[in-house]
Amino acid sequence: AAPAPSEDASAGSGVSGTVEVYAAASLQRSFDEIAAAFEEDNPDVQVTAVYDGSSTLATQIGEGAPADVFASADEKNMAKVADRAPDPQVFAGNTLVIVVPAGNPGAVDDLADLAGVTTVLCAPEVPCGAASATLLSNAGVAVTLASAEQNVTAVLTKVAAEEADAGLVYATDVVGRDDVEAIVPDGAADVVNRYPIAALADARNPEAAAAFVDFVLSARGQEILSAAGFRAP
Amino acid sequence: MSGERAASRGGRDAAALRARLRVRRRDFDVDVAFEVAPGETLAVMGRSGAGKSTILQVLAGLVSLKEGEITVDGRVIDRSSGPRVRTPPMSRGIVLLGQDARLFPHLSARENVAFGPRGSGVAASLARSAADDWLARVGLPDAGDRRPSELSGGERQRVAVARALAAEPRVVLLDEPLVALDPVTASEIRTMLGERLAGVTTVAVTHDAVDAAALADRLMIIEQGRVTQSGPVRKVLAAPATDVAARIAGLERLVGIASDGGWLGGEARLRTTDAASLALARTDGVPLAAVFRAADVRLTLPRARLAATADNVWRATVTHLVPTPTGVRALTDTGAAEIAAAQAATLAPGTEVVLRLAPDLVRFVPVA
Amino acid sequence: MSGERAASRGGRDAAALRARLRVRRRDFDVDVAFEVAPGETLAVMGRSGAGKSTILQVLAGLVSLKEGEITVDGRVIDRSSGPRVRTPPMSRGIVLLGQDARLFPHLSARENVAFGPRGSGVAASLARSAADDWLARVGLPDAGDRRPSELSGGERQRVAVARALAAEPRVVLLDEPLVALDPVTASEIRTMLGERLAGVTTVAVTHDAVDAAALADRLMIIEQGRVTQSGPVRKVLAAPATDVAARIAGLERLVGIASDGGWLGGEARLRTTDAASLALARTDGVPLAAVFRAADVRLTLPRARLAATADNVWRATVTHLVPTPTGVRALTDTGAAEIAAAQAATLAPGTEVVLRLAPDLVRFVPVA
Amino acid sequence: MTDGRGGYIPRSLVVPAAVGLVFLLVPLTALVARVEWATLWQDVTSETSRAALALSLGTGAVATAVCALVGVPLAIVIARSTPRTAALLRALVTVPLVLPPMVGGVALLYLFGRSGWFGALGLPFTTPAVVLAQVFVALPFLVLAVEGSLRSTGVGYERTAAALGASRLTILRRITLPLAAPGIVAGIVLCFARAIGEFGATALFAGNRPGVTQTMPLAIYTAFNGAGVSQGTAVALSLLLLVTAVAVLLLVRGWRPGAAR
Amino acid sequence: MTDGRGGYIPRSLVVPAAVGLVFLLVPLTALVARVEWATLWQDVTSETSRAALALSLGTGAVATAVCALVGVPLAIVIARSTPRTAALLRALVTVPLVLPPMVGGVALLYLFGRSGWFGALGLPFTTPAVVLAQVFVALPFLVLAVEGSLRSTGVGYERTAAALGASRLTILRRITLPLAAPGIVAGIVLCFARAIGEFGATALFAGNRPGVTQTMPLAIYTAFNGAGVSQGTAVALSLLLLVTAVAVLLLVRGWRPGAAR
């Protein structure tokens, strides 16, 4: 059981050893920073982060991957490993943005414009695709897809290559990129993707795992996440 | 040499190699039985496609027996019925030099020759120096380092001979070992083989009566997959039972019948001074073949009145004139004659000629 | 036949094929020059490794010239200097039957034979029926559907001959066309070749003087990559200039000097009745070779007192006894003799013998 | 001169051979064990799956044909080059093999994308793009397999054919290609299998449009990434792909039995 | 009897061959065009990249060795089986080829994972798992390439060797393997290249743990998929992998020059 978040979790809590964090690929930049900060606070701890698609990670955890912490990009994948992660907590949220190539050649301003230009979205089966579908139907826009991409990276790559005039990705995906521009569409705040995290029940280093989860939920962790574009849970 | 080993092991069986075999190749079948005594060399001759190579391949285990049994030194190595036996080629103690030299293209001549010994566990350096000796014996002392692709046809054939013999088999099968060799080299290799095969049980296929005479004790003639004649080499060559055997022996052979103590064939009538032949001609009417050398036949143009029934003189019609190294061979409808080139100039296919043969130069042999 | 085409095209040049070539094979080089007249057949003979196949391969374009020039019907197809020319094999109008039959393993015998004609645009059905004719000519009328792996060695060789001739080349190169054939088949194919090659410019390598005499107009002897003798076949075979030529011709050849109108070699002294030979022996001291047939030599054991200096009688020591089809060949330190098997039984290597040779059976030839 | 199958190989070779075979097959049984039989039929016959299978087979066949057309000549050129040239060409051909397909897809996108050198062609998101991606990843397999086989058969028969006056084209058609047939068939099988299993480059370059660029591997991946709790659909589609591909290969092999020699 | 390289191929073959080669190489130039030279050196020499490269080379080499040990015997057995058996075995070997590697990874994970039949081995997410995944995807390439080559060389020389009394092992060692050398080398190259480029199965079965299971392709994937960064690092890593692999292959080819015939 994960301890409740506490103010002093960030102060050296005496944990040691290694902690292996399985995190969704979209968390890579922020979790690298969080891990560094966590190691700074806990000099005896070494964090190893493994990034991949949430679905892949969930399958691996289901088959006994030596993970201590799992941070998923959606709640469904977290649910897949419910037996190992009994007590997930949402630590961040993410919203969609319209992404266009630098210079916005398609002159896209809002969701409604997506219907008239070459648009790529995530496939409806994958989380970002599901969210995109919701957002578009909320706005009452029908889009002809040029392609239903497997993941955000594929969408971004195609937009960056100017292959598509626009796409929908998460706000965090475009932070720091200069080859694309992001436009926050109306109603984005209504479709929030939640990121749950859990220390795994059979973690080899339960104390450190719990401490890491606490750290992510702590003010320090949240600060880093928010800098990367995540919303508070 | 392994021949001695072979001979000493052959205690249980007088023959080192005993074979009774039937095999089928598409629409052709071979059915023969023969034995080879320890240390003996058996020559096998016959027309192209008669089944000679097939026999060797069956003995070597490369082609499987349809029916029959093969024993080496009394041990059954192949049997089609009863307790079926099929010893793989490498365990037969038999080495085959096939009709294709098939040198291993990735190995040097030396490594090719050393292949057999090395395979049977001889140390590499020993095998290699033995291979060099063998290469010297076949007249290629400097070819050790060359790849087969860098050898001439005759050189490849000689390396293949060396490779087969270097394996020191109990029984060796040679399929045309002297093919593709010029007369000088052939005679050198023939001499070498004669020495090296003494004491080794050998079956050798050849197309050359000279090879058979020089190397073999016995000769077996194969025609259409059957043995038509076999016996001591000189005997078979002197009394060829079939046309093929006669051609192999380089003899003319005319088939007729015994008549009045002589031989009668169409218009021609031959008498002989040979005692054995006379004995054969005793019963009138039995089929009889007259054999003689074309070189012994005298050919003339018919003079005005020839007694048509004179003994040892007969009329014939020229069918072909073939130049030979020393003159011309005149083929006629009844026998051939070797004549001088000058005389040949007066002849053409179709010319009527008279052939003469001295009674001491013709022999009669039974017809098979 | 294409031979006529070739002859009619050869207007600019008396020779259909003219070659002057040097090539290097590892540490061996070949340096020869020769011509073949339109429709003529040139036989090439020599020891194994002398360079015969190399010459044919250069002519065919499979091996490149180091130096020299080759022309066919006056057209330069290969030249090493000046305006360099190197016509690829398929454009030379020359077909080579190589020493390896190398039938295409994935094609039937018929398709193999039809390969040349089909390649040059003959309709498939036409090429196939022509191929069947060729197969019949080489004695294999029923083998059309068989794969090379289903043919005997001699059958493969015959298909290869048919394949080469079916291509109807202007110039044909045959590398041992009658190898691996029994005497009967060989003589059939020889006759067929004799007919088919009439009018086709041909170069044929062979190891058999009988083939050379039957097929060729001229004979060229190659030794160590050089021409040592060449001329009309019968002439070369009758007067072999070198030891190799003599062995090829089946003659004994002893080298000595002219002395007193005869031949002197060591103790032996030979006289002849041959006019041309006598002319050669006129100048005392010139090197001279005596040539004769081993079959003409009479061998006896030395009787008590032999006049050591009698003409045409000489002492010799037996070195080898080789059984032959009709007797035994006794090789001595000075010449060989063919003897009866019974007489051979009294001899052994090392035995001193006396050899005799009638003056009308020996000829003298110049030493090269 | 052959009798039956011939060849003499140590019986003990069967042991590592069996280990290899078992290792390749056991994981597949594990896959079969996870099949959800209840939904199998439905998964396999769904509109998505049928469209994806048809697209896969079609593009796979076209890509294989393209590979054969350019790959066999390339293999022949390499096999008949001087050793140095051959080594260089072979290394160049190997390059795309080493590249993770995804990176290959990015490269193709850079090249044929709207801003790329050949952007005018408008290839991305079209079926031809799928073929292109498949050719890019599968071609090296065909080239290397065929080249190895050509090298083993050697040039002896080609020279014999040339000495019989056959033109270069005849030699190619009637000698070189038939003799290299076993290697070419092996290369084509490798190529088709690789093309039909291709995922990474296709996903990036051609995208994932059902019916247009969504091949089986993409459909499988999509099903796998779906947020559904079980991966039954992905497994079912995998089996479908697998069975179909093997059936196709067995059929193709059946067409030209034996091969030369 | 060879003179120079020999062989007579139509010169026009050079055209499709060149098309093939260009098609394989041009996308790579597009990749090179996108390299961010400013950070190239840093990307290539980073801790992550060095660890991944070492892991890739190590596991690739081990996987190739394993493939050779079981794959060559398997190829020989197939090549020397009766046509029917051979067809079946070949089809079985082809199966894993068709499977998208990711699905192969899932299968391996099902087999060796916690709930799998061989869960007790504790293989997943370890370096040996990387090797296993690579063997699984690369083995078929080796087997099929080698088998094609063995079939071209035929059994004639093996029979000759047997007729000289050589044991089966001697025949294998001194005749079969050397004569098939060009095919075996081609197979090993294919196998190594495929192993070192392997991504899908590794990602699932072995995971993406830096230093333990993060091979170059995974590192590239991670760099590529990381949110908010440009793909410069991924391109740089790709080029590093590519250059290294080609260097290794050229070295290996250098060891055994010429090959038989």
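We just call them A, B, C, D and E in the order they show up, numbering each chain from 1.
Please note the rule applied: a residue touches a chain if its C-beta (ideal position, glycine included) is under 8 Å from a C-beta of that chain, and two chains touch if they have at least 3 such contacts.
The structure presented is a predicted model; accordingly, all values stated were derived computationally and were not measured.
Listed here as common contacts of chain D and chain E: A, B, C. Of all chains, A has its CA centroid at the greatest distance from the CA centroid of chain C. The highest number of C-beta contact pairs joins the chains D-E.
Between chain C and chain E, the centres computed from C-alpha atoms are 55 Å apart. Centres computed as Cα averages put chain A at a distance of 36 Å from chain D.
Touching of two or more other chains is recorded for residues 1-2, 6, 8, 106, 110, 116, 156, 159, 161-162, 167-168, 171, 179, 221, 224, 231, 260-261 of chain D.
Shown for chain C are the residues in touch with two or more other chains, namely 62, 88-90, 98, 100. The set of chain A residues that touch two or more partner chains comprises 59, 151, 157.
The chain pairs satisfying the stated touch condition come to A-D, A-E, B-C, B-D, B-E, C-D, C-E, D-E.
The residues of chain E lying in touch with chain D in their complex are 1-2, 5-11, 13-17, 19-21, 23-28, 30-31, 33-34, 69-71, 73-74, 76-77, 79-83, 87, 89-104, 106-108, 110-111, 116-117, 135-136, 139-141, 143-145, 147-149, 151-156, 158-159, 161-162, 167-169, 171-172, 176, 179-180, 182-183, 185-187, 189-190, 193-194, 196-197, 199-200, 216-217, 220-221, 224, 231, 234-235, 238, 241-242, 245-246, 249-250, 253-254, 257-261. In the complex of the two chains, the chain E residues touching chain B come out as 1-2, 156-157, 159-168, 170-171, 174-175, 178-179, 181, 260-261.
Residues of chain A that touch chain E in their complex: 20, 25-29, 48-52, 56, 59-60, 62-66, 151-153, 157, 170, 172-179, 228-229. Considering their complex, residues 60-62, 88-90, 93-96, 98, 100, 102, 104-107, 115-116, 118-120, 149, 163-164, 167, 169 of chain B touch chain E.
On the chain D side of its complex with chain B, the touching residues are 1, 3-4, 6, 8.
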